[in-house]
Structures are given as C-alpha cells and as structure tokens.
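In the two complexes that follow, chain A is the common piece, with chain B as its partner first and chain C second.
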Partner chain A sequence: MSIQDIIVVGGGIGGTMTANNLVAKLYPEIRAGKARVSLISNNPWHYYKPAFMYVAFGMFYKNELRRPLHSLLRPEVNLLLDEVEGFDFKASRLRLGSGNDHRYDYLVVSTGCIPSPERIPGLQEAGDHFYQHDPAMQLYRKLSTIESGRIFIGVTFPKTANVPHQCGIAPMETTLMLDDFLRRRGVREKIEILYTYPTVAQLLRNCLFLQRPVGEALPSVFASKDIRYQRGFTLARVDPETKVAHSEEGESVEFDILMQTPPIRAVDAVLASGVSQAANDEGWLPTDRDTLQLEGFPNTFVMGDTVDLPISKAGGSCHNQSPVICDNIAGLMRVGDTVATYDGKVQAIAQMGLEAGMPLWYDYDSDVIPTPATKIGGLMRKAFNRGVYWSVARGLI
Partner chain B sequence: MNTQLAYKETLNSLLQNDPQLNDPATLEGISSLLGKLAPLVQGQRLHNLVDLLSALSDVVDMTDDAMVQKMMRTYEDLAAGAFSLANLSRFAAAHAGSEEQPPTAWQALRRLNSDADARRGLAMMLAMLSQLGRQARLGAMALPED
Partner chain C sequence: MVNAVSDSLAALYQSLKQFNADVRKDRRLAVPPADSVTVHSAQCGSRLTLDARIEGNRIREIGYRVRACALGQATTAIVARRAPGLDAAALRRVGAQLQAILAGCATQCEWPEMEMFTLIKSVPSRHGSAMLPFHALEQLFDRASVLQPDGLRLSVPRRDIEGARNS
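Then we have the complex of A and B:
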C-alpha cells in the first residue's frame, strides 16, 4: 500500500499548528507507515508576526517573538526547508526552489500574505506600518521621538470584494495604544491623532470599522481620548516631499507620521498558480467557505490569510480553521468525504490601549459585540503574547 | 438620615421601574438564586466567598507587565519541556516497539556509535548528569555553625 503524502506549505501559525494537529489526528496511519505529514517552510524560524505591532511601541524585542520552527513541531512532522516556487494543483505537484518536484495526496496552503505598500504611489517612501519587524522598528523610532504634529492613521482594504485587510482589529488597537504611548511620553497634548477609514469596508460604506456594532461604539471611545476621526478617506497616493496624503475622494491631508495599513497580496507562487480570481492581482485562492477546500481541487485546502473569505486574516481564524481541515483530510482518507464545516469563527483579545483588553469573537453570521475593555482582558492578552501563543502553535491549545 | 432615605427611595424606584428587574423570568431567577444564597448568608459562609473575590481582585490590581512576563516565561518553559519530553517518549516508544527483535546490547552500542545524533544525545545526558552531580555536591555543603 502506498503512503499518503500530506503536505502543509507555510511555517507561520496556521501551517505550524495544522502540521501538529494532522499528526495528532492521523497518528494511527502515521504509526502504521500509511501516511506522512510534511511541512515546507522557507525559514527555519517561526515568528509571532501579529505581535510586531508591539515592536512599534517598544514593548517586544525580536528574539522574544521567534522560536526555531523545529522546536514547535512534533517529531513525526517531516520539516523541509525549501521554497515552494510553483503549485500545480491539477497534477498534485509542487515545484521547489531546490529543483525537486514533490507529489502530494493532500495539500494545505497556509502561505500568508505580503504587505505591499509599493502598490500605492508614495506610500513606500513616506508611510509606516507595523505588519513586519523592520517597518515596525522604523515606526518605533519615529513614535518615540516625535514631539508635535499630526499622526495620520489610515486603512487600505483589498480591491477584491468583501475581503478584509490583515488583522481587522489592528488599526483600532494601535490607535488606542498610540494614544497611551504618547501620554506616557508626555507629548500627547502637542500631537493630533487622526484616525481615518475608507469609504468601502467590505460590505459597509462610510463607517469607522469593518463591523457595524464596533464601528458605532468607536466615536464615543475616540471622543473620550481626544482622538479625531474621519470617514471616507481611501488613500490614493502620498506625496513624500510635502508629506501630504491624497484620497480617492479628493481630499488632501498633511501629516508628520503616516501610519497606514498597507495593501496586501498573496505570495508569488500562489499568484503564479493562475487559480486565483481575485481583483487587482491580489491572489486570494477561491476557497469553499464550509469545507475550506480549494474550489475545483478537493485534495487541496486553504487557510489563514490566503483565503478569499470575508473572515479576518489573523491567527484567530487559523485556530478555528485548522481543526476543520484536519477533520476533513482524515474524513477523505477514512470515509471518502469531508466531515467538518467551518462556521467562520474567529476569536481574539483586542489590545485596547497599552494595558486594557477586550475578548471578542464572531463568525459568518454574527458580528463582534463590543464590551468594556478591562485590565483583566489586558492581562489575558499579555499572557497570550508571552506564553500561550507558543502552545497554540504547538497544537496544545 | 435624609441621604439614607434618598438612597432607599432611589433603590425602591429602581426595583419598581427597571423593566429588566420586573421581567417575570428575572424575578423567578432571583427568587431561585435567593433560595440558594439564604443559607450561605445566614451561616456567614458567603462572607468567605466575598473575601475570596476581594483577594482575587487585589491580585488583579497588583499584577503588572513584569509579573506576567515572569509567570508566562515559567509557563512556556514548562509547556515546551512537557511537549518535548512527551514527543521524545512517544516517538522512541513507537520506534522501539516496531522492531520485531530488539537489538542486542552489542548491536545497540554499534548503532549508537554510528549515529551522530544519538552520540550527541548521550553527550547531553552526560552533561545533565554532570550538572546533577554538581548540584548534589553543592547541596551537601556543611551548615554554618550558628
């Protein structure tokens, strides 16, 4: 009997937990030599990427946000350090950077997304963000030295209809963290914080957040902290010389620091696969919202940032998608059909300022119901950041 | 006296006018809860729970970022250690159990000698034994005479 090859591509939080969960789910087959789980990553280190936003406020060092990838994996996972350069979904084959071809029986694509500020003229030169380590460090240097002026916060959504930007709650979290950070520095009174949101945010128009209940709660939160806010500002281009942000709606605003959630896209190999139907060459893979299978390819599953679903591109999504994918692969192997359904559930603890936190959850059918931020919520988030995250990656929680 | 009266009136009006409190399901739930709470209040056992909540609240107030970092470092050390040990044990048991004939002592020694990772594992065990011995030696230091 030939061995069933299951390959997970991507060593981020989704890929790491799924490789571990697959080993646990398929242990009888693995022990009998009937199945093998491999994880392909181009990096021997695993980074806790969602926490890069803390780097922008001097709260984390790089070493605290990474672990050797092998230390997070069960020994039954066959770790391959290689670059996937091509997906041939029809032939169930991967082309690797080392020159090898790799056949698979089941594939999980968890390749994340890439911030692409170069897609907006002038943003690369004049803007800042916190979705990668080095840009977050650059932002920290600016935030820790600015004495007066305006910090402009903006959000760019993908052009693909009803697909969110990376980590939906992050712009709001960092706005509140920024307010606390500047107050601690004693310069808040001399610095204006201007939070803006684009005209189109998934299915909503002229709002302050991508879900209505939170969007409606934000004005009073911002007013209590003297944070200015503005709807209907979709960043079109930036003039790095004059430090002016221009919107598609025809408005221009000067800034001293531009903290912009940048455009995002799928990784090169996913873009080159030719399967995506996403707008603007963004590359999101067409994903069955229930089974998480790639449309037209039942032996391939998609998770995390790479999906084209209206669900947050965040670790809290992966945490709920991973068990569904593992159950469905086991179902296909054991009974010939998928058995589990993803309900769109995402959960997180929002960082509401430097100390407070707010647990939240939502799914396809229900939005986040905002609750008062508390110190206990803040401590829960700190505990997650400092320890629990790594247990989640190991598939222990 | 007037202030107490005002509070009483406010509480009375709240009890009478709040639609949630006058909801039949709320009244039924409170009545049922009072039945459970009454013996605890009468025996002053509820006092202990209130004191416990108060102590818990103090712990939350006292906990700061540095304390969370230290506690979670300990948690991460324990979780990572348990994960690693459980993996080693499961993997080694599955490997050893799958061999029809276990290797003889000489075969095991030959296998050990030809496997660099196994030799490194042995070196690690020796280093751990060395540290255990050092701690035992230091722990056996004579007590001061005072």
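Then we have the complex of A and C:
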C-alpha cells in the first residue's frame, strides 16, 4: 500500500497548527507508515503576526515575536523550506521554486494574504500600516516623534463581496492603543485622532464597524476618549505631497500620519492558479463554507486568510478551522467522506487600549457582543501574546 | 423618529441575517436537466449562480451558489423559497415591485418579506446585488423560452438593474 502524502502549504499560524494537528489526528496511520505530513514554507521563521501592531507602539521586538519554524513543529512533520510557485489542483501537484515537483493526496492551502497598499494611488508613498514588521517599525518611528497634528485612521475592504479585511478588530484596537500611547507621551492634547470607516459592499449600512452591535457601542467609547470618528470615508487616493486623503465619496482630509488598513490579496501562486473567482484579482479561493474544501477539488482544503468566507482573516479563525480540516482529511482517508463542519467560529481577545482587553467570539450566525474592556481582559491578552500563542501554534491547545 | 428608523434598521439587520443563513450552504442542481446562469453586480462585486429547472414555463426547482453582500443573499433566499411553482409573469411582477421599492417609488410587494428593502433606497450601490436573482431568472426564462416558444418571457428592464451583468 502506498503512503498517503498530506501537504500543508504555509508556515503561518494556520499551516503550523494544522501540520501539528494532522500528526495528532493521523498518528496511527503515520506510525504504521501509511501517511506522511509535510509542511512547505518559504520562511524558516514563524512570526506571531498579531504582535506587529504592538511593534507600532514599541511594545514588541522582532526576536520576541518570532521562533524558528522547526522548533514549533512535531518531529513527525516533514518540513520543507521552499517556495510553492504553482498549484496544479487538477493534477494534485505542486511546482516548487527549487525545481522539484510534488504530488499530494491531500493538500491544505494556508498561504495567508499580502498587504498591497500600491493598489490605492499614493498610499504606498504616504500611508502607514502595522500588518508587517518593517511597516510597523516605520509607523513606530512616526508615532513616537509626532508632537502635534492629525492622525487619520482608515480601513480598506477587499472588493470581493462579503470578504472582510485582515483582522477585523485591529483598526479599532490600534485606535484605542494610539490614544493611550499618545497620552503616555504627553502629546495627546495636541494631536487629533480621526477614526474613519468606509462605505463598503459588505455592510448593510454605513457604520463604524462591520458588525452592528460593536458599531453601535463605538461612538460612546470614542467620545469618552475624545477620538473623532466619521462614517462613509472610502479611501480612493492619497496625495503624498500635500498629505491629503481623498475619498470615493468626494471628501478630502489632511493628515500628518495616515494609518490605513491596506488592500490585501492572495499570494502570487494562488493568484496564478486560475481557480479564484474573486473580484479585483484578489485571489481568494472558493471555499466550501461547511467542509472548507476547495470547491471542485475535494482533496484540497483552504484556511485562514486565503478563503473567500465571510469570516475574519485572523488566527482566531484558523484555530477553529484547523480541527475541522484535520477531521475531514481523516474522514476522507478512513471512511471516504468528510465528517466535520465549520460553523464560522472565531474568537480573540481584543486589545482595548494598552492595558485593557475584551474577549470576543462570533460565528456565521452570531455577532460579537461587546462587553466592557477590563484589566483582566488585558492580562489575558498579555498572557496570550507572551506564551499561550506558542502552545496554540504547536497544536497543544 | 430617529429611534423608529434605528429600530427598523435593527429589525432589518436581524431579518437579513436570518435569510442569509438560509443560503450560506450552496444548493446546486444537476445541469441538465436544470439550466444555470451566473450574474454579478459590478458595483459591489456580488456574484450569484442560479440554477433552475423550468418546465411548462414554471419554476420547478431552484439551486444557488451565492457570493453576494447581505442584500443579494437575502433576496436569493426569498426567491428560493417563493419561486417554485411560479411562472415568468409572476416573477416579473415581483421583480418590478422590488425594483420600485428600491427606487423609493413603492412600499408594498406581494411577497411581504421584500418590503424590508424600503430602508435600502438610500444605498443605491447595493440595488444591483438585491436584484441579482431576478436578473438571473430573466436569463433562465429567456433560454427556456427558446426551447418552449409558447412560454412567457420575464423581463425586468436591464437598464434599471444597476451594474448587473452576465459574467
């Protein structure tokens, strides 16, 4: 009997925990030499990506937020440091940068997404974001030296209907963190913070957050901190010379720092696979909402940022998708059918300022119910940032 | 007055979430015997693949794959519940009523669920998404009428379906 090859592509949180979870799930088959789990990543480091937003406030440093990928993987995982350059889903083959060609029996695509500020004219030159390490460091340098003026916060959604931006809560989190950060620096009174939210197709109406209950709670939170807010500002272009942000709705606002959640897209190899039907060449893979299989390719599963689900592109989504995918691969191998269903569950602890936190969860049917931010919530988030996360990546919890 | 509008929006939000849950899981029909079209709204990127088995100028069965904003999901869910058994004329009538509601020219529809969309008239960029199932049905009846020359044709005026087009 030939060995069943299961390949996970992507060394982020989704791929890492799924490779570990697959080994746990398929341990009898692996021990018997009937199955092999491989992880392909183009980076020897695993980054705790949510920590990038702390980098923007000088609270996390590079060597604190990354670990060697191999140190997080169970010994049974076959780690391949290589670049997947082509997905041939029809033939169940991967083309790698090293020139190797890999056949697989089951595939998990967890390749994340790429911030693409260049998709909005002027944003690359004049805007800042915290979704990668180097841009977050650049933002930190600005936030730690600005003495007066306006910090403009904006959010860009994908054009694909019902697909949210990366980490739905992050713009709100960083707005509150920014307020605390500037107060600590003693410059808050001279700096105006303006939080804006776009008019986007995903929303039922114009609001301050994607989900209605949180959107309704935000004005009083912002008002208590003297944070200005504005609905209906969809960033269309930025003038780097004059530092003016122009909206699709026809408004123009001057800024000193533009903190903009940028457009995002799938990685090149996923874009080139030709399977996506997403708008604006964004590349999200058509994913079965229940089984997480790639539509039309039952031996391929998609998770994390690469899906086209109406679910936050965040590690809290991966945490709930990973067991479903592992169960379904085991089901296909053992009984010939999928056996688990994803309910859209996502959970996180939102950072509400530098010290407070708010546990949250939602799924396909239920919205986040906002609760008061507390110190104990902040401690939970710190515990997750500094320790618990690495156990999650290892598939231990 | 402000509270009344806010309460109505809250009710609309809840209604949409319930309808959206109905069509979250794709329900596809075998083609043939069913026929299938894909339409999308260029303005918001909403996309709908609608399958229908039409016999004797009546919808016998509906299938769908919805990747649309909340409005397109909700109207597809309502159409999927209501359309089986109806003919092109009946669906044309309801499509026109929904269009009038979205345009702010009417508040009533023979399918009462559609009346919640009176609150959406101020969001024209979403109207194309809401009309997607009717635009798809128009095309499906057009095709069926070629095979069944005596069939009535469903014709929601294309010019009024903002951004909707065949993909």
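FYI, the second predicted complex is superposed on the first by the 395 of 397 C-alpha atoms of A that agree within 3 Å, B and C clash if a C-alpha of one lies under 4 Å from a C-alpha of the other, contacts with A are read in each partner's own complex, and residues count from 1 in each chain.
To be clear about the criterion, contacts are C-beta pairs under 8 Å (C-beta built on N, C-alpha and C of every residue); 3 or more make two chains touch, one makes a residue touch a chain.
No experiment lies behind these values; they were computed from the predicted model shown.
In the three-chain model built by superposing on chain A, chain B fits alongside chain C with no clash. Touch criterion met: A:D290 reaches chain C, while chain B stays clear of it. Once chain A of one complex is fitted onto chain A of the other, the partner contacts of A:K159 are limited to chain C, with no touch recorded for chain B. Of the two partner chains, neither chain B nor chain C is touched by A:Q347. Shared-chain residue A:R212: touches chain C; no touch with chain B. Of the two partner chains placed by superposition, A:N299 touches none, neither chain B nor chain C.
Contacts of A:S273 after superposition on the shared chain: neither chain B nor chain C is touched.
Contact with neither chain B nor chain C is seen for A:N78 once the two complexes are overlaid on the shared chain.
Closest CA pair between chain B and chain C after superposition: 22 Å apart. The touching residues of chain C, counted against chain A in their complex, run 9-10, 12-13, 16-17, 21, 24-26, 43-47, 67-73, 123, 125-126, 129. Residues of chain A touching chain C in their complex: 159-162, 199, 201-205, 212, 277, 279-280, 286, 288-290, 308, 364-365. Every residue of chain B that touches chain A in the complex is listed here, in rising order: 60-61, 63, 65, 68-69, 71-73, 75-76, 79-80, 83-84, 87-88, 91, 94.
By the touch rule above, chain A contacts chain B in their complex via residues 31, 71, 74-76, 375-376, 379, 382-383, 386-388, 390-391, 394, 396.
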